[in-house]
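Consider the two complexes below, in which chain A is the common component and chain B and chain C are the respective partners.
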Partner chain A sequence: MHLTFSHRETWLHRVNPTLKLAVSVLLFVAALFVHNPNVMALLAAASLLPLLATGHPPLRVLLYASPFLLVFISSASGMIMFGTGATLWFELGLIRITEESFYRGLHLGLRSLQVAAVGLAFALTTRPVALFYSLMQQLRMPSKYAYSFLAALNMVPLLADEFFTLRQALQIRGAGPGRKGIYGRLRMYALPLLAQSIRRAQRTAAAMEARRFRSGSGKRTYYYVYGWSRIDALYAVSIAALWLLAWLLGTHYPLLAATDVR
Partner chain B sequence: MKAADIILKGCIRSHTPTNGGEIGAASTPLAALAPAIGSGRLPSMTNASGTGTERPRHADEAVPAAKRPTPPVQHAGPAARVENLRLRYPGEDTPLLFKGLSLTIERGQKVLLLGPSGCGKSTLLQVLGGLVPAAIRIPMKADCCLVPARPGYVFQDPDSQFCMPYADEEIAFALENAGIAREEMPARISRCLEAVGLCLADPHFPVAGMSQGMKQRLAIAAMIAMEPDALLLDEPTALLDEEGTRQVWSSLRSVWGGRTVIIVEHKIAGIAEDMDRVIVFGPDGSIQADGSPRLVFREHRELLREYGIWYPGFWEDYDRNAAIRPAATAPSSGVRSAELLLELDGLEGWRGGRPKVRTGPLAVNAGDWIAVTGVNGAGKSTLLLAIMKLIKTKGSLYIPGIPVQSLKKPGDMAKHAALSFQNPEFQLVTDSVLDELAYSLPRSLREPERSSRARTLMENYALDGLGGRHPYQLSMGQKRRLSVATAMVGGQRLLLLDEPTFGLDASGTVRMMEQLERLRSGGCAILMITHDPELVRRFATRQWLVDGGLVAERSGGTACI
Partner chain C sequence: MSTAMPNADRPKGLTLADILVTLVVAVVFGIIYRIWNPMYDILKPLGLHAEQLSYGMWFMAGTFAFLLIRKPGAALLAETAAAALEAFMGGSWGASTLVYGVLQGLGAEIIFAAFLYRKAGPIVTVLASLGSAFVSIFIDAHYSYIDKMTAWNYTLFVSMRLLGSVVIAGLFAWALAKALERTGVLSLIRPASAKDYEALG
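Then we have the complex of A and B:
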């Protein structure tokens, strides 16, 4: 089972992974302090833009991005239909749409969209190996945590394969007496999968020690070295420019009537 | 431990890179790499050679091979030694695994450790390499414990030896741990891959896309990257097919050079004759025989047979003494009137939206023992899954007397056919052997009969006395027999097995085969995936060959694969 998909390397891949992570986290947090839906709409659009530069075929990006629509609708609709407000537009039973709740819902949906798009752009352009190497080098992350994460990521596809095999095995054996309900079923899956994973983790740990992996002590060299380059500056500047542009346009040329949803 | 390190440090650290066969020649360290690094960096090369930072060398020192220290094979003296070793697994009432074992392995010696499963030979290998107790904490005591300065390991399971997703990154991980300079890594990586015969166009090759045999060769390459003075291999071929096994042994032979090699393995064909020394352990962890392979395999056959260890000529001896005469070789086979159990016609098994395997018109009769053979990835396992309707299928599958509509789901098929997976643990769902057997018994069956049926099954499958054990605490052979027993509880007459002898020792294999033969002669039909030509020749009555997704009867008997 493969979890990697072929794609082109773009300049976004060459941005320092630690910087990319820091900027993405910063964008998540910054989005919480935006209360103008006009700005939020432009920010969401600006966050979708980098997806075109991820080097993955547009159709595949569209496929990955399809859940965004769901995220948008689900987070927006709840607030739109059940939120409170003074200016009533529409009412039917429990559903009560007001002007305030409509804009608030829209804002919430756009925020979810922005967060999802930033996260996807990060995930599509950053290999886990690159991220952890960069974290070890830029943020002095202890190597034992970095390599443990990488080893654990390696096990995910194996775990998925085992899950499917286990499901087939249980289909054949059928449900016997006294193994009913969610708890029973959870147990039937969790126990063998956990047993396999724990044993595999022990074996991997022994193999890593056998390659003389010593946590903490001694200096290591790195196969991949991550530093800073002009691309990092380009990345930081372009993200900042996009945000500034969105903020200026949103405040000075609002398209929606509401400018503050608080 | 500490004393041992000190004794060995001086002589080993300095000459490790020169002793390997191909590797040694390629890694004439500094002279060969100096141009690659560039003259501007010469000062930093003193500690970039990777052979230990405590002994700085200058580039102009790295001259003719003759001036370098002599390889360790010419040194007399032990590579590893334990004296009066006592060890036990953690736990309250576990017996001592070794009671005062003493063993010395000379430098450069190639040693094979044999013994019945559970005798502690894998643990001993970890002691001899210093992994126990430094990395794996098992309580042990010894009067003297001398371990190699730079041991390299290869383990049994190809899927759990790697912590990085790509081949080059995995070898680089070993190089990083040794503090090798980054500039040197690409050259070293390709040299290591070449040395084990892994010819990858680009070393940045995903590990997940490799066959099991390739993965084990990568593990050897990563081991060699650390320039070890001793190679320790813990059943490196136990989970490989014939082809992978051949590849691993040939890789190992091409890199071992003058290094000490210690191998624990029970599939010894293809490597035994290259060893200098074979040591046989008894079930209690004591040394029962120790000598050259020729001597041990000639003088101690009885012992090896008793312990269930493979040795050259095992099957010939089996043929002479077998209690059960397999159908394939019995003169009376084929007399039985054929009773049809299963008929396939153009059955297709689909995976990932594509047909992966397709059968011709094939029939399975009672008393058939069909060996399903073919190279890895040909679709053998997919065929079994398709017959059980566990994957999407097309084409016809017919069981006499059963309407086609009630053969569509895995639950329906399970009433007529049993499948035993390669990893039996997935099929075991309860907390004890007895519960496991009772689990699948018909619900209508009431108490005293229920447990008495389960007990009879335990006797039939040589599991008596184990009723209270947790299934995971059984040996591999016992788990397999239990999984077959539970699969056949419902009185199915068709048994599908995915490599039932995989990873079993000789006695486990023989037991499994004799159990299956009893089922077959009792009127069942068996479909068994296997890679072992000896099993096909001895036990199967027919053979299906899966080639490129096409399943066809192999005519002309079962004499060879």
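Then we have the complex of A and C:
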């Protein structure tokens, strides 16, 4: 959640959050059916493009996107070195790089890049509050789930505070690192934090019910109202156009030798 | 851990308190999921699948939440919510996390349902963690062409992931829930005697 960082609101922020979520998930499913690395490369590029329209300064976007390089390498390398294939390029011990495995690995790296870019664009332009209000209004998500999730999110800073308090308390009592092993130390932190969280959740539920919070009893009104607008159409059409373009260019003007990595 | 039978006076579905507890736990795991994410990516390029041993961490929200709540839907809700939070915090697998989360939650949920939500011992928890793991391998087979890896590498991949799930999402989740039980905090969620639990073994 990058809510604490200031940024401009762009048209991507004004797209209906439910639509944005649905499109982001659909793009992942669609990517599963792309087996042509030429198309995948263009799709990855097309998915990186919206990052420029997130309203965050380019340097910060670059910082957020820096793990993409790692994602690309981590997705590609295993398949490149240990994938199956007929045309051998290089062999060293267990490592066996073939033409097929190389292109398949490249394809995987590009696919991960595409998925990561879509996810980052979504995260950078959608506030959780907006998403859950929209899910309640557009998809009729029961309000007890939506408000509970938002309440749980608000507990994160409290949890962080408790963690630091706990650490200081443990340090004062001489329970520093190196004692009791990893599992012991994990329990030392996890148990009190979880127990406190559960108690707090119980108190919150009691407080909400005491204020007559009920799911599905009569018509709810919403502080933030989300509906559909022309921006939603623009968003859907532009994403579809980018994908169509990538598909056509990748199929008809391939740059790589491989056209199907299966 | 207590009750084999659900309390008679406890509502069958998820109450507001159940949902809140589940989601708070899911948020804690969502943060862990997000932190886990770059660690996995750093180990992975070696190609020898040591990172798969840690994969079970991403199934833990589901099994752990069920051990606390013991009701239908808890595992699915927790796993989905934790995955959603990971995606929201800019996790490097983006929206795909959500798809994995929902399906992995279902994988665990089906196992708990098969035991009519009455069993919550270590064996059932391990089975549920394997449920999540199998679903994730199924999606990966489509996403990462893992079936196109050399035979030894593929076998290593699958066995490491299964082993990791058994240890982390199965045994560790169960041990942690049991330890939490001893603090007494779970009596807020489902008041019951310790005797039923001993019978489960």
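In the analysis below, the second predicted complex is superposed on the first by the 250 of 262 C-alpha atoms of A that agree within 3 Å, B and C clash if a C-alpha of one lies under 4 Å from a C-alpha of the other, contacts with A are read in each partner's own complex, and residues count from 1 in each chain.
By definition in this document, contacts are C-beta pairs under 8 Å (C-beta built on N, C-alpha and C of every residue); 3 or more make two chains touch, one makes a residue touch a chain.
The model shown is predicted, which means the values in this text are computed figures rather than measured ones.
Look at A:200: by the touch rule set out above, it reaches both chain B and chain C. Once the two complexes are laid over each other on the shared chain, residue contacts for A:251 go to neither chain B nor chain C. Judged by the touch definition given at the top, the superposed model places A:220 against chain B, while chain C stays out of reach. In the superposed pair of complexes, A:229 makes contact with neither chain B nor chain C. Contacts of A:208 after superposition: both chain B and chain C are touched.
Contact comparison for chain A: of chain B and chain C, C touches the greater number of residues. Once chain A of one complex is fitted onto chain A of the other, the partner contacts of A:162 are limited to chain B, with no touch recorded for chain C. In the superposition on chain A, the residues of chain A contacted by chain B and by chain C overlap at 1-2, 151, 153, 195, 200, 204-206, 208-209, 213. Within the complex, the chain A residues that touch chain C are 1-2, 21, 24-25, 27-29, 32, 64, 67-68, 70-71, 73-75, 77-79, 81-84, 95-96, 101, 104, 108, 111-112, 115-120, 122-124, 126, 128, 144-145, 148-149, 151-153, 155-156, 159, 187, 190-191, 193-195, 197-202, 204-206, 208-209, 213, 215, 261-262.
Chain B makes touch with chain A in their complex at residues 126, 129, 131, 134-136, 151-153, 155, 157, 159-166, 168-169, 172-182, 185, 206-209, 219, 222-223, 226, 385, 388, 390, 410-411, 413-414, 418-419, 421, 423, 425-429, 439-440, 443, 472, 486-487. Residues of chain A that touch chain B in their complex: 1-2, 4, 129, 147, 150-151, 153-154, 157-158, 162, 165-166, 168-174, 176-177, 179, 188, 192, 195-196, 200, 203-214, 218-223, 225. Against chain A, in their complex, chain C makes its touches with residues 15-17, 19-21, 23-28, 31, 38, 40-42, 44-47, 49, 68, 77, 81, 84-85, 87-99, 142-145, 148-150, 153, 176, 179-180, 183, 185-186, 188-189.
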